[in-house]
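Structures incoming, each one as structure tokens.
What follows is a pair of complexes built around chain A, which joins chain B in one and chain C in the other.
For the complex of A and B:
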């Protein structure tokens, strides 16, 4: 009996220890938290504006709402301060529940904010374990008050809208996006060159308008969406675009996708050279005239030649822009060089060497007409 | 040895037990007294086969009559014996036998003309089967034994009888097949039954409590048998069956954790459906045990695991809830148990009303009032339904109790507490044994063949018995011979 009592006491003591050591004393039901869907930052008149968007889950859930609408599904509040901590304190004074930041889908930074405070905010973000590091980061040139008001009045969330647009564009091969974790990874490296998607308002809806160029920890430029096909081909996972190719009085529409990209790096006589080989596949979709289509080998070769010329020019323009205009390696060729020549990479200043690097593009095309009907049979009949 | 005095013995019997019926015969060859309990005896058969032949013989007989003469040539009965121990006369009469005392012989005859009013062999109530036979055990031990004998004509089938209970002297029968069953299990079982010293038992459940490994044991390691076909299959697997006279449920020994998930239909249906059913039952137990706790853990501690849109929906559902997730889950589970218990006790005519009231009060009204969130109600209902999917309800009972403890652990410590408690339960399960057979076999100790056999194969056509049973005869079928070259 004494032995059993001893075992019982030991088990109870271990249980208490487990209970007190677990640290799970901060339980709070989900409905008692203010779930933030979007966070945004702006700088105006040397003051930092800290925006937080959250869903209204209770009837009569009102705050100092920017949108000004009562009973809307999403509301936005903002805090203003001289620095980031002050603006957050100002925001906290308006919250009626404890904020929950682990559900943030998008972080929006205006270009003004990104130019000055990007580094500081990345450190802050990294230090706070409540944020999901896979949060999408975007920049914008729009006024945040107008942006949130426009979208919240439609009972939609800015964060979710950006998230959905980004996912759709990524899945369809029309764009590429970046998460904060990618930026945070670069904090520890000497060289950082990255592109961040830039969103704006088009026809009262959120749309991708371009890409902000970040060199180091500053935003140094902007690339609009129009004419960024070459950039997407080099950066996206499975890029796909449609091209119209005129051939023999018919404008043929082709779906062009990049099937394979290989990069070879050379370093000879302190000169850096990259040979980038891109293999494309072009699938014929349709023509714009009501005539029988007869795509023989000669036609395929001609179309391939036209497409090769077009795509190659786009790719070369993209590289030229990166090297000459922005002098920023946002194509991540520094990774390729570092993998192949790690010692040499440590010895050189990539910021200076990249604009001088010789980058050659080789493009090959495979034209496919398998989904097109060949009307030549009807011609002979 | 007690000295036999006929008159005194007869007078004592009658004076002590006024419900004993007495029939006296005075003949020249001696006095005969017949004692029996009218409510337990087939009086017509007694009259026809004992009274009438005795009268016919003795009315003309000259020689003194003795028990031997009566049993050999007068009484018509296939179940009778000569006894001489006076102290046992009363016990025989109390057990429903008729006792014939002779003034000219110290020996007496015990005749079995028992006839107890009982119900017919019913259909199964606990273990319903679609294809299996529909005959079940009843309260009469002889009928139950006959049901087993009818199916199993093996000469090695042994039936060992015990008498349990000082006052009730309840007959208990242990059945096993001698050349299959493990001797260790059989001996241990018989030893435990023989060691029972109690006033009386009336039901197999009472006997079961004496056969447990420990008084504080929570998980059942003895199965219940209601159907005769399952009894027959179990005996062929090397198990022992215990019948208790007066109980319609037999005990099955040993029984492992995985065997509680076996249903008789698994033997009669396609093996793939059997596999699907067993996986479903394991999932049902898991859902019934852990669903509410996982909900509490996610809602109160680990909201991060949810996609944000689900988190928002969940927050909206709980926006007006007055209780915390833990409190709401505890209350709802308590109400579920109340309803389950009420439905067991309620008369059949009122049963549907309870169901309607439960649906309306708890389902509709509670949600309209915002007391519970719809999701929690769905989870609690699903858990309740899932608990009915386990074929043997005795396994569900401990989990119904442990579910509340798991809720408290999880509500206090989140998934850490959830994992901690599950670890405790697993440790307890793995450390149990059922009469020497590991309780968690074939999971632990792991045996690949038994594991596959438990899930994939049809238990009837499987050629080998489970290894963890350590039976004497390990094979059920002969090995398939190679095809003849001439064929």
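For the complex of A and C:
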């Protein structure tokens, strides 16, 4: 009898646990939620446009303000309001299911929106526990209706496309992306200077077109992706680019990568100085003439000199642009100074000090032929 | 069956009792008080409580096979012992309510937003009650497994955080201007160290000779464990985000990428919640142990049911109080000072004096 009652208790406990373990009151079929993949914002005629892209899991996922092809994989819906909460309310009124925001892959802000509402929206984002803080943030100059329509018609998600492009560029050392978490941290600090990737449409595809400069709480400028190698060398993890170096009638193509970057910070007589040392590696990939190239030590030294000059100029131009054009430290030298002089950093106004700081660049190159290719001396048969 | 636990079990009991909820809360406390230099106050408080735990263990070791209720009567008499035990019952019930609130809060905020609080609480209290009924020795065995898994997973995730985070978020590791906030940080850090008084219900035997050293080392280890959690969270989120986000440690885990596992937060909380449940179980068992000593004629399962009902009602009431956290924080520090510092030191001093007097009388 005692044994039986023990089993009964175990069975009741298991049944009880089964009810709770199934998610209690939160148990919900995935089809009953509208899973947002992208959210985007724009401002037009003093009205805020709140876009939400979601995958069409079921037949009949449609609303009034929808872009995307009939029966397409992704749909976009938009709400319009005088402020952010109003636009969200407007969006909610069109939703036929409860939205789920924990799965969004990208947040897109038009430059117009970011200029005015960047801080407000990001604080709203931070306050909502449902959003993933590692969501990617990008800006755009494109019209969002056109952007969503173009990509959704191809049965693609704008958010996923941006996420994948950013991952690829980050992994190959061609760019650097920023998550919302990092942006909010920067916005919450005493000094704010940061870059956000800006996407656009190129040949009917999404592409990185540049970087939006955020200073204080607003977007203040734009750096086009063309000619931004210096910026990527200073910001990205393991940056890599190809450079063509003309030497003795041959155009050599080199793979150039930054191997080490060290920054020394000095603060003497209220003068701030940074000595940035960049060590590069350049590997000869190929030339535009028939081998042999006779690429000897002298050639290596000459090419190293050309590359040093070229890249040093790119880096100095990047620093000048930050100090003179934008007067914004998106190069994160504020962190370098804060780490080395924490007490002094609290006492100075970095916004005023950064443009005056003396920043020296030292570039060194190690040139070699890449992999097993030997372009030095050998006899052709 | 003789009630005794090994030194390893002591390590896991203290570790789980202390780190149960506060491992989630610790980065916020440090970010809001001492910032990047927060590791220093953590070490200072660990050393303070390391000394305190050594005192409690020494006291227990002076009276082998006895617990506070038994040896207290020999040291300060029956009346004062009853007052001390009643005080500890109230103290641990308050800790229990605090941990219950935190458990419900973590679950509803991060995982079960639509589930009513009373449902989560019902399940929790039933589980804690069952564990309390089984007693401290059975629990100690279970905690060896839970504690080892929790430790392994948390340290593993923190190491991933350190490798994936930004080092400038934790640098400089010492800032002179942060020292102004050290006193506030130390005061705030007293609360995460509540719970070492659980040792008052554990009878020590001859196998616990090295327990004082184990206890001190455990507290130092907990200090380093907290530092690892704080620095990992700072590296991923930054100090400002850590200070401003709720459950920032879990937010940092969500951002951390793990091979194969997509939802790192769910993976962590499988083990993290087991630690929170373990912390609650310890508190529950301590209340039951004290109550059983106080009401010897009442059967253990009756005591368990009564304690469960009291905890359940009080927690439900506390859940409806606004800013309950602030209320707890405002008086907990005083209770901790009384429980962890004043009572053990007084008992040890009186016991030592009595022992010397008795030795002199014998001579």
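Before moving on, here are some points about what is shown:
In this section, the second predicted complex is superposed on the first by the 340 of 381 C-alpha atoms of A that agree within 3 Å, B and C clash if a C-alpha of one lies under 4 Å from a C-alpha of the other, contacts with A are read in each partner's own complex, and residues count from 1 in each chain.
Heads up, the rule we're going with is that a residue touches a chain if its C-beta (ideal position, glycine included) is under 8 Å from a C-beta of that chain, and two chains touch if they have at least 3 such contacts.
What you see is a predicted model, and the numbers here were worked out from it, not measured in a lab.
More residues of chain A lie in contact with C than with the other chain of the pair chain B and chain C. Of the two partner chains placed around the shared chain by superposition, neither chain B nor chain C is touched by A:4.
By the touch criterion stated above, A:45 is placed in contact with neither chain B nor chain C. Of the two partner chains placed by the overlay, only chain C lies in contact with A:342; chain B stays clear of it. The intersection of chain A residues touching chain B with those touching chain C, taken from the two complexes, comprises 24, 132. Against chain C, the residues of chain A that register as touching in their complex are 16-17, 20, 23-26, 126, 129, 132-134, 179, 181-182, 184-186, 188-189, 332, 335-336, 338-340, 342-343, 346. Every residue of chain A that touches chain B in the complex is listed here, in rising order: 18-19, 22, 24, 27-31, 33, 35, 37, 55, 57-58, 100, 102-105, 132, 160. Every residue of chain C that touches chain A in the complex is listed here, in rising order: 109-116, 119-120, 123, 126, 168-169, 171-172, 175-177, 236-238, 240-241, 244-246, 251, 254-255.
Only residues 299-301, 303-304, 308-309, 311-312, 314-316, 318-321, 324-325, 411-414, 416-417, 420 of chain B touch chain A when the two sit together in their complex.
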